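Labels for the chains are A, B, C and D, by order of writing; each one numbers its residues from 1.
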Amino acid sequence: MPVGAPIIRLEDVRKSFGAVRALQGVDLACHPGECIGLVGHNGAGKSTLMNLLAGVFGAEGRMLIDGIESAGPHTIATAKANGIRCVFQELSLCPNLTVAENARVMHRALSGFGWRGRAGRLIVEQLDQVFPNHGIGPGDIVGDLPIARRQMVEIARAFTVTDAPARLVILDEPTSSLDAHLASQLLAYVRRFVAEGGCVVLISHLLGEILAAADRVIVMKDGRVVAERPAAEFTRTSLVAAMGTVAHEEAGTRDMAAGRRQGAPRIRARARTGGNELVAHRGEIVGLAGLGGQGQSEMLIRIFDAARHRAPGITVEGGSALVAGDRQTDGVFPLWSIAENITITSLKRLRSGILIDRDKTDAMADDWRSRIGIRTPDMHNPILSLSGGNQQKALFARALGSTAETVLMDDPMRGVDIGTKQEVYGMIRAEAERGRTFLWYTTEMDELKHCDHVYVFRDHRIVADLTRGELTEERVLHASFEDVA
Amino acid sequence: MNAAAFLRRLAGRPWLWAYVAAIAVWLVTILFTGGRGAGEVLTAAFTFATFSVIVGIGQMYVVTLGPGNVDLSIPATITLAGAVATKIMDTQDGMILAGLLVAIACGAAVGIVNYALIWLLRIPPIIATLSSSFLIQSAAIAYGRGIRIKPPPMLADFTTAQLFGMPVLAICIIVLAAVMELVLRRTLYGRWVTAIGQNIRAARLAGIDVGRTRFAAYVMSAVFAGLCGYLLSGFSGGSSLSMGEEYLLTSIALVVIGGSSVAGGNSNVPGLWGAALFLFLVVTMLNTYGFGAGMRYLATGLIIIAVIVAASARRPAR
Amino acid sequence: MTGTSFARNLRMLLPAISLVVLLVAIYALQPRAISYVGFNLMLNLAIPIALATIAQMCVITVNDLDLSIGTYVGFVACVGATMLTGGVAALPLVKDLQASGALPAVLPWIMQTPLAGVVVLAFGILVYAALGALIHWRNLPSIVVTLGMSFVWLGLSVLILPVPGGQAPAWIRQMMTLKPAFIPFPIIAAIVIAVIAHILLMRTSYGAVLRGAGGNPKAIERAGWSLLRVKAAMFALAGFFGMLAGLSLVGLTTSGDANIALRYTLLSIAGVILGGGEFVGGRISPVGAVMGAATLTLAGSMLSFMRISPDWQIGAQGAILIVVLAARTLIDRAERNR
Amino acid sequence: DTKDKKIALSNNYAGNSWRQAMLRSWDKVTKPAVTAGIVAAADPFTTAENQVTEQAAQIQNLVLQGYNAIVINAASPDALNGAVKEACDAGVTVVSFDGIVTEPCAWRIAVNFKQMGKDEISFLKEKFPSGGNVLEIRGLAGVFVDDEISKGIHEGVAENPQFKIVGSVHGDWDQAKAQAAVAGILPSLPDDIVAVVTQGGDGYGAAQAFKAAGRKIPTIIMGNRQDELAWWKEQKDANGYETYSASIAPGVSTLAFWVAQQILDGKEVPKDLVVPFLRVDQAGLDKALETTEKGGVANVEYTAEDAQKVVDAAAKK
């Protein structure tokens, strides 16, 4: 499928962070007119490879741009001049600036008199193309936008063109905060962009997206490329197998007959704006569905708070723990080790006398490393040395390791690889069997299937309550869009 | 563990540089006298460092809470507590304990007011504690009018007592510092404080009671300031309205020179002692060498910057 | 979205609201203060504070704090009152040497030219830029570095002017005592300062990058900008505005004093916050900062008009800060509950 | 006739016992004067922080409030000149004392601080004709008073080379700070220090520092504070300790008040007035201690007649 000479070509690149060998000899070529899907488990080295392309840091090995090995070091500036753009896994917008100003930050050419207007038009036109009806204005402050819109702005920004062309656009888990609707808009645009001769590298843990959008799929494992084939030759199962995970996908679907529980509910909550009441019992997995940003996270946080302080309209029994999806702002403690991050909510149990017992915390951390498969040689390493997905696993370990009876999950699988997801689903089910209650906000249809019943949110209130038997993608979408409901 | 590994671990300690600097400055000082009075200089350094360390501990806990957290009311609290305590004790040995309790109560009250301003009125801590420090200073003036009352003799004796050239008070505060280091590293409270300093939102969502933890830190800082005022008035023969003044900059300088992060979330207590000794010894060194005021200020500033640069890591090259 | 942006707009208006409330209170207490002469007297010392506040704001924009701005302003004032007037020859040290006969009574031209002052002031700005670069390069906490610098500036001031004295250059003196028709000079100056700072930081295209470096430095770096240069630029800008603060101050006081502006450090921080700025995240408002500085100054006037018992005069300053900021919170909260 | 005239006190610092005594003296004298209808008002104002800029703003505000005279204890002799000039231009009488201002339109009630420093050495000359090593405790760097006193001391030493200043520290007029500075430098100083020259108020702290270092306590010049006098008396009774004590009397604020009142009354008053400082000698110690409030500062207050005498004395010169 590759057409024309490659825009950029990597030969045998290697990169180490201290003892961690993130890349151990990778070859890669990106041709115009193709979309490359890049998959692999958390910590496989995908983001590291992309950072290399974008010039964030250097590495050993050869790098040829348009067939020529560059004389100086490959930096962000040379990457940009050669039309290489990157949407990084972690947010790279300035939250204090407006949408237009963020566009300006990207483009040196946007200066001089009237730059504001030009920058605003540039970004909004691009947003119009990628995400029609996005509802974002050039004067909106990025920090005020919900995370999905921020991600939209960042994606659109990567495709904008002023003086340098956009030839290769790297999208590192671009859909992690987008709902299905927006994700499909993005993928459609990617196809159009590729059709016009651009090149896109798409990283995602949602294999469906990869299979739908990519021409060629590259599978990475432990810093190496382990498979590389046209997308058409992969099926979901073979892709999972190539990643080295055993596919036990539909293995343990829950007992269909379970239905609605009886007895005293553990949680009762009503949205501030009214609507149906949310009810959850012991041992239930309850899904919160709907488009992104319709008040699901807010509901979770209110329930979380209500477990500590009294709150009107909400009752919670038995304590709660939360798994944040936006790990940068809501989850990790960046200066701490992985072990410290995991044990923070369980410290009460890990003491001897009044002092925290190191042996006990280490034991808990190591236990969870093996249970949830955190890829690190040492749990005393800083949390930021972990890949995004592995950080997310640490947050899971934090919540599941606590004694809380209710676990609230705010789109918790962002950036988690498929193998781990399977394991975590299993864990959630096992924990629910033992009597824990889960409230699970997700925009993934596949994940909702693990729930006993699902509340659909729209406009900050619950508009539908679907049991497991009634759950179909159709019905969720119907309830999510006003006009249909 | 071999020596090299031990040294490497030691070099990783952020507080190391404060001690290195203190020792260097001390050596330079006694170089001037040819070794004479080396011990006495150290005794004096420990004597006066003690007072800064007391307030430094409280300030450190507050700074650990994250960017923007700082207690500027320490000087005024020292003054108020000193004034109230000496007046209550009124030179009677029997009232020593009562005086201590009153000083601590003063501190606690200030801490509560500070946090009320920060929490109820959402005033940024810098301004909240600055404003309350004006109020406290006024209270101290209105209460004592700068009249200096002698401390009870037993208190004065205790605060100036020495054991083999080591001030007894310094020994007590070394123990206190050790305890506070333990609290920071090995108790729930310490972990909470550090967590909040790194990411207050994440701390809340991890189930930490952010409000109570911050409250306790501000109260602790003020209580230590009260304690400092009490001991200081015992040590220097009574309280005065200006006795706290120098502890504003000192308490902050201690925290940062001691290797704690001003961005919060990463602190250590041992560095406070190193920094306190260092700051005292710098002044002593410059006095000993007979620098004029201008040169003294200049040298102090440059030395502080040099220490902090030496202790810093270069930004990792990309 | 409109909810948040409305709240934001209101918050941006708050500095103006508190300013107006204060003016009304002053009018009630002392009607004659609200006059041409009154504004001149009440507000002329707000000019240097406003400039120092802008300087502080530049540093806060990139998530740093400048604890040396007060002593730096003092340093500039000392330079302004000596070298900027009479060159090196105006330094007390040189005069002492002349008196003792070590230097001739008539000094060569090169020692008398005010150019020496210009050079020293430029050097000050350079030092600021270098500090910014150093702070970024070695990843230093700005609080400590500027704490150290505060001693350095103070030391230099004391070396330049061991005792208060010197004389402000006539042109600065004239400028600061201008009496334009209708609108008092301090008000014009405040508006000019606010507008210039606003254009520089909020409207220029590089200003967006500078502020962005406070919001998400990594993003700025990944967009190919040099953070080193950004930090150096912001600190240099702080040095520049700090210099203007020092010069305008010496124009008002007519002579220099090493300890003249120690208080500006805290005042400037308070001004930035009162003006709606935040300590981290690059959220700032130059116009608000100028109004914050004016608010602080006027608060002082109001207190003096209120005639409080001397014991509580100091405390009243604290109380007024609390009241102004608390009002801000209350409006904020009322807005959120709507 | 000044019964409808208003006088204000502009004070830059209230954070030590001297300033507190100064404010109390002001109250003690001016309250009756207002009640008696001599003046309409005599309000004291203090700035929150010891800062020139704040005091300048304060003076401008006082002008706005329509005071006829402003009595100033200034934070800086020169840096207030702008504000003082504004006041004069608005027709306000400005009288400065203790911390005086140099603006020509203002009156100055000065203490010869330089002489105060010189006197210290003269006293030591009497006591130790053969001279010796001396330690100097200074005030706050960059402040006029500090420089003047220190200049006086150094001049005295220059005239009496048998004395040698072996160390000089800044105590910033703060007891605790002075104590710390002395304690720090002591170990490096020779053992035979005969005297400590001070700027007033730090004597007790110096004595404490010597005691803590286990050294023989030299002759320390005192600064009229009650605890200094008390300590001195203790030593005197125990071992015949000899020294003297001098400082500007806080009550000079009341002199300034009367001077301002007389100027408003239309009296011809010379711009420069000098008041002697208040000195306590070995003989007068007991009496001074008796009349000084516990924890306060030795003080004298002035009456209108005293002020008249000072003015006349100055006019004759």
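By definition in this document, a residue touches a chain if its C-beta (ideal position, glycine included) is under 8 Å from a C-beta of that chain, and two chains touch if they have at least 3 such contacts.
A quick map from chain label to UniProt name: A = Ribose transport system ATP-binding protein; B = Autoinducer 2 import system permease protein LsrD; C = Ribose transport system permease protein.
These numbers come from a predicted model, not from an experiment.
Common partners of subunit A and subunit B, by the touch rule above, are C.
Averaged C-alpha coordinates put the centre of subunit B at 29 Å from the centre of subunit C. Computed from the mean C-alpha positions, the centre of subunit C lies at a distance of 33 Å from the centre of subunit D. Rounded to a whole number, the gap between the C-alpha centres of subunit A and subunit C is 45 angstrom. Taking the mean of the C-alpha atoms as each chain's centre, subunit A and subunit D sit 71 Å apart.
For subunit B, the set of residues touching two or more other chains reads 134, 137, 141, 145, 261, 293-294, 296-297. Among the residues of subunit A, those touching two or more other chains are numbered 56, 75.
Residues of subunit C in contact with two or more other chains: 154, 157-158, 162, 313-314, 317-318. Interchain contacts give a graph that is no line, ring or star and is not complete, per the touch definition above. Pairs of chains that satisfy the touch definition comprise A-B, A-C, B-C, B-D, C-D.
On the side of subunit C, the complex with subunit B involves touching residues 63, 134, 136-145, 147-159, 162, 266, 269-270, 273-274, 279-280, 311-319, 321-322, 325-326, 329, 332-333.
Interface of subunit B with subunit C (complex): residues 67-68, 72, 117, 121-124, 126-128, 130-139, 141-142, 145, 249, 252-253, 256-257, 261-263, 292-305, 308-309, 312-315. Of all residues in subunit B, those touching subunit D in their complex are 29-30, 32-33, 36-41, 44-45, 47-48, 134, 137, 141, 145-150, 160, 232, 236-238, 240-243, 245-246, 280-281, 283-284, 287-288, 290, 293-294, 296-297. The part of subunit B that touches subunit A in the complex is made up of residues 182, 186-188, 191, 194-195, 198-199, 201-203, 205-209, 261, 265-266, 318. Partner subunit B is touched in their complex by these residues of subunit A: 56-58, 75, 301, 304, 308, 321-322, 324, 329-336, 340, 344-345, 347-348, 351, 354-356, 398, 402, 404.
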